[in-house]
Amino acid sequence: MSASFHEKIHVALSDLTLQKTIRTSTQRFIEKRRDVVAPEVLPDYQELRTHANQLKQHTLENLDYYLERLESKVQERGGKVLWCADGESATRAVVSIAKEKGIKIAVKAKSMLSEEIGLNEALEKNGLEPVETDLGEFILQLAGERPYHIVAPALHKSRHDVGELFAEKLGMERSDDPPVLTAEARRVLRAKFLQAGMGISGANFVVAESGAVVLVENEGNIRLTTSLPRVHIAIAGIEKLIPRATDLAVFLKLLGRSATGQPLTSYTSFLAGARRPGEISGPEEFYLLLLDNGRTRILADDEKRQTLYCIRCGACSNVCPVYRRVGGHTYPGAYSGPIGAILTPQFHGAGHEPALPFASSLCGACAEVCPVKIDIPRMLLTLRQETKKVTARELPTRVEKLGFRIWSWVMRNPRLFEQLGFLSKAVLPAPSDGQWIKSLPGPLSEWTGHRDFPPPAQQSFRELWRARRRAGANSANAAVRGNVADGNRNERRIGSRTDHA
Amino acid sequence: MGLSVSLFVTCLVDQLFPKVGVAMAGVLERLGYRIDFREAQTCCGQPAFNSGFTSEARDVALHFLKVFEDAEYVVVPSGSCATMIRHHFADLFRKDPGAEAASRALAPRVFEFSEFLVEVAKQEDVGARFDGAVTYHDSCHALRELKIKDQPRRLLGHVRGLELREMQPVEECCGFGGTFSVKFGELSGDMLDGKIEAIRGTGAGTVVSIDPSCLMQISGGLRRRGLPIETMHLAEVLAAR
Amino acid sequence: MPDRERILHRIRSGLGRHIDQPPPPPPPPRLMVPPMDSEQCIELLLANFPGESFRAGSLADAREQVSRIIAGRSAIASAAPVLLDAGITSLPGVQSGFTDPVALRDVAANSEVGISSADYALADPGALVLLSSSREDRLISLLPTIHIAVVPSRVVISGLDELFTVLPDPAEVSSSMVFIAGPSKTGDIEMKLTLGVHGPREIYLVIV
């Protein structure tokens, strides 16, 4: 288990401002989502989730077919499809197009994929200027930080943080007022939009039968990115495909609601290539870059393929009690929250951060809100198994495995189990008067560091059961029932006096 | 009724909270069920399964199957154990068709306690009396895997003298999560803080749950803070008179 | 092996599919069009539209409304037939009839008001559907700070399901279809809502 992962968790939990910020923001998302998927508002919400799950399943189970359909449709309309096996080949492709066309400035719409492959770094290394245009991403670019949340990248930044940042990096007069800061960002970015030769976007959905990409937003930067520059490159993971435009009637009803509690975001763009004869504005050239980067490996796994259904709404993060306490930067890899916890080990290997699949109480809140019904807790359990196999030779795993082998042996031998019970009564401290144990040694100190631990009962259930049988059914029943029924308040506490006296 | 019910009390109840088992047995007997306690029982295997050690979990699950294979009904005072048996045994036995068949055959006969009362015994009023304000904690496995939300509330609704208050937020994890509570103690403790805040917000004197693991976590936290709020299993409330 | 072949090969061997293997039929499209008549759609659209909305009694009335909203500011209009028919393109201060992308872009970037029509308007959830064409340019509803949409009542439909029923593949008719369901906005700074980030901060709808 990585010390730094545990350390990061500890740091996050100790940062009270951060705690308040994430808690408040995610609470807003939770309530807004709840309002718009309520049965009175969207009566067919559960049905839509099932349809979305089935559409994703069908598409991914036949992905080669749909990718080829997509390619032919894009090419039909004069666009080009670039297939990229990994991040490096993707960044190389983008850089080469920019160089070929003599492009210096590339405006970018928010794209988790571009984070994943380190596109900005690659562009900068090659003398190009990538400009993030989503306000949250723009802030992060100025600050040199990674996104904090799939949908709200600058969730962790206060208005004071942003005010300070803009004053320093943009040379503007210090203000902490969001509308003023936003107006400055608009001014600065509008100039970039008008200068840029290339617009790079991601894609929320890629429609195979239309050869089109679909993008949702509230700000308008995606529309500008994909309308003003003469070259538009859309980068998308191969898993983003859906079969038909008509399937958007299902997916668009789920995405906005799950992400930000909006039936539709302010803008939804359905882009099918470069501008056509007759149309005035729009890109002259359209490229669709399809990225593998480990997705085909996940695709091949029957059980974990569903990880690829994700439409990046962020709803899982918003409800996750762990995410809501540690925030996005604690997670290794580009993706955070519950989806990050199952995606990152599959991209980077179970040994990459072995503790990650265990940093969950398996409460299932994520699965409950996932619009495409990914069974995240199940995926976590499978990844836990894989992690133990991958780390089998490491000492901590070997010790733990030995512990469970002993446990298993005990649990298959009821008499041994009972003996162990007697032993624990002898060994563990037995506080008087129904108190619980305040302190335990070794790994169990992690428990008693935060709460009391129950001492073993004076008589186990099986002892009580045997006693009642020995005493004969009638009189023992009365005795046992009497214990419970006498209404003595002390009797009713879990682990009360009569358990331990 | 003459129907027979096998108790699977769970390892936690057997060793730490036997009164829960006693209470559950009492309620069922009062309803006319013949109950048996198969002494060979130990554990459902969940701790190993959740920790990623499937072969160790499998061995224990096989033992469970042997003990309960021919039971008419198995009633469990734990949502997480019932989930393990009904939803995850089949995963463990994918390479063992005999055991897989046995676990699939057993699953429909395994019930969490409140489920059993409401759906099988069809008794929502078990004649209990408990004076005071009570808040109910939804255990995650029971809630989300077994869809147990109404049943305990309906049962509590019929308890004379009991005032049920809902906590806000409701349905949030108490932070137990099995070995999570020890591997990520600080995080687990922080989640527990949130749960205790919600409980205190109701002003109730008692918090009730259907899962001994949640009760262990919550009670541990309440006691550490010296708070005078009682923790009870649903069975204990229903057995009160 | 070029990436294309490598990727397709990995997919096929991972899924156990072979080249040219036809897929099973996809789940049928799910389109549930609610039984609403035109009047009901219009009523709902007026209620849901995320901006001021008006029902004009005539083309002249529509022209009046638009003129009032423009209030003397600089404006650019698309070449949509309804705008020409209503004389909106000839309102003082309104420029239109651009065919050159650079000129259009410059004027749109420097105009305070953009006036467009819409190909469809969705009653639920209250959104405009604009298809890019020679008569309806992308930038007009995007660059200025105010956007006014004038739509004929016959294009008002119930919602997404009806849209994809009448237009199952927008790619056949245009390179760009945009749904406009609100003004440009962000909550990226402390979740505080700010309007007019990159696009218009105010939108208006005139149904005629």
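What to note about this one:
For clarity, chains are labelled A, B and C in written order, and residue numbers in each chain start from 1.
Here, a contact is a pair of C-beta atoms (placed from the backbone, for glycine too) under 8 Å apart; a residue touches a chain by one contact, two chains touch by 3 or more.
Here the structure is a predicted model, which means the values were calculated and not measured.
Relative to chain C, the most remote chain by averaged C-alpha coordinates is B. Central chain assignment: A. Criterion: smallest distance from chain C-alpha mean to the mean of all protein C-alpha atoms.
If you average the Cα atoms of chain A and of chain B, the two centres end up 29 Å apart.
Taking each chain's centre as the mean of its C-alpha atoms, chain B lies 53 Å from chain C.
Centre-to-centre, using mean CA coordinates, chain A is 32 Å away from chain C. Of all residues in chain B, none touches two or more other chains. Residues of chain C in contact with at least two other chains: none. By the touch criterion given at the top, residues 1, 6, 9-10, 13, 321-322, 325-326, 355, 357-365, 367-368, 381, 384-388, 400-401, 404-405, 407-408, 410-412, 414, 417, 421, 424, 435-436, 438, 443-444, 446-447, 449-457, 459-466, 477, 480-481, 483-485, 487, 489, 491-496, 498-499 of chain A touch chain B in their complex.
Against chain A, in their complex, chain B makes its touches with residues 9, 11, 13-23, 25-26, 29, 37, 39-43, 45, 47-54, 56-57, 59-60, 63, 88, 140-141, 143-145, 171-173, 175-192, 194, 206, 215-217, 219-221, 223-224, 230-233, 236, 239-241. For chain A in complex with chain C, the touching residues are 21, 24-25, 28, 44, 48, 51, 54-55, 58-59, 61-68, 73, 77, 83-85, 89, 133-136, 139, 152-154, 157-159, 162, 178-179, 181-183, 185-186, 189-190, 193-194, 207, 209-212, 218-221, 223-224, 226-228, 238, 243-250, 252-253, 260, 262-276, 278-282, 286, 290, 292, 296-297, 299-300. On chain C, the positions that touch chain A within their shared complex are 2-4, 6-8, 10-15, 17, 21-24, 26-27, 29-32, 98-101, 104-105, 109, 124-125, 127, 132-134, 137-139, 142, 160-161, 163-164, 167-171, 174-192, 194, 196-200.
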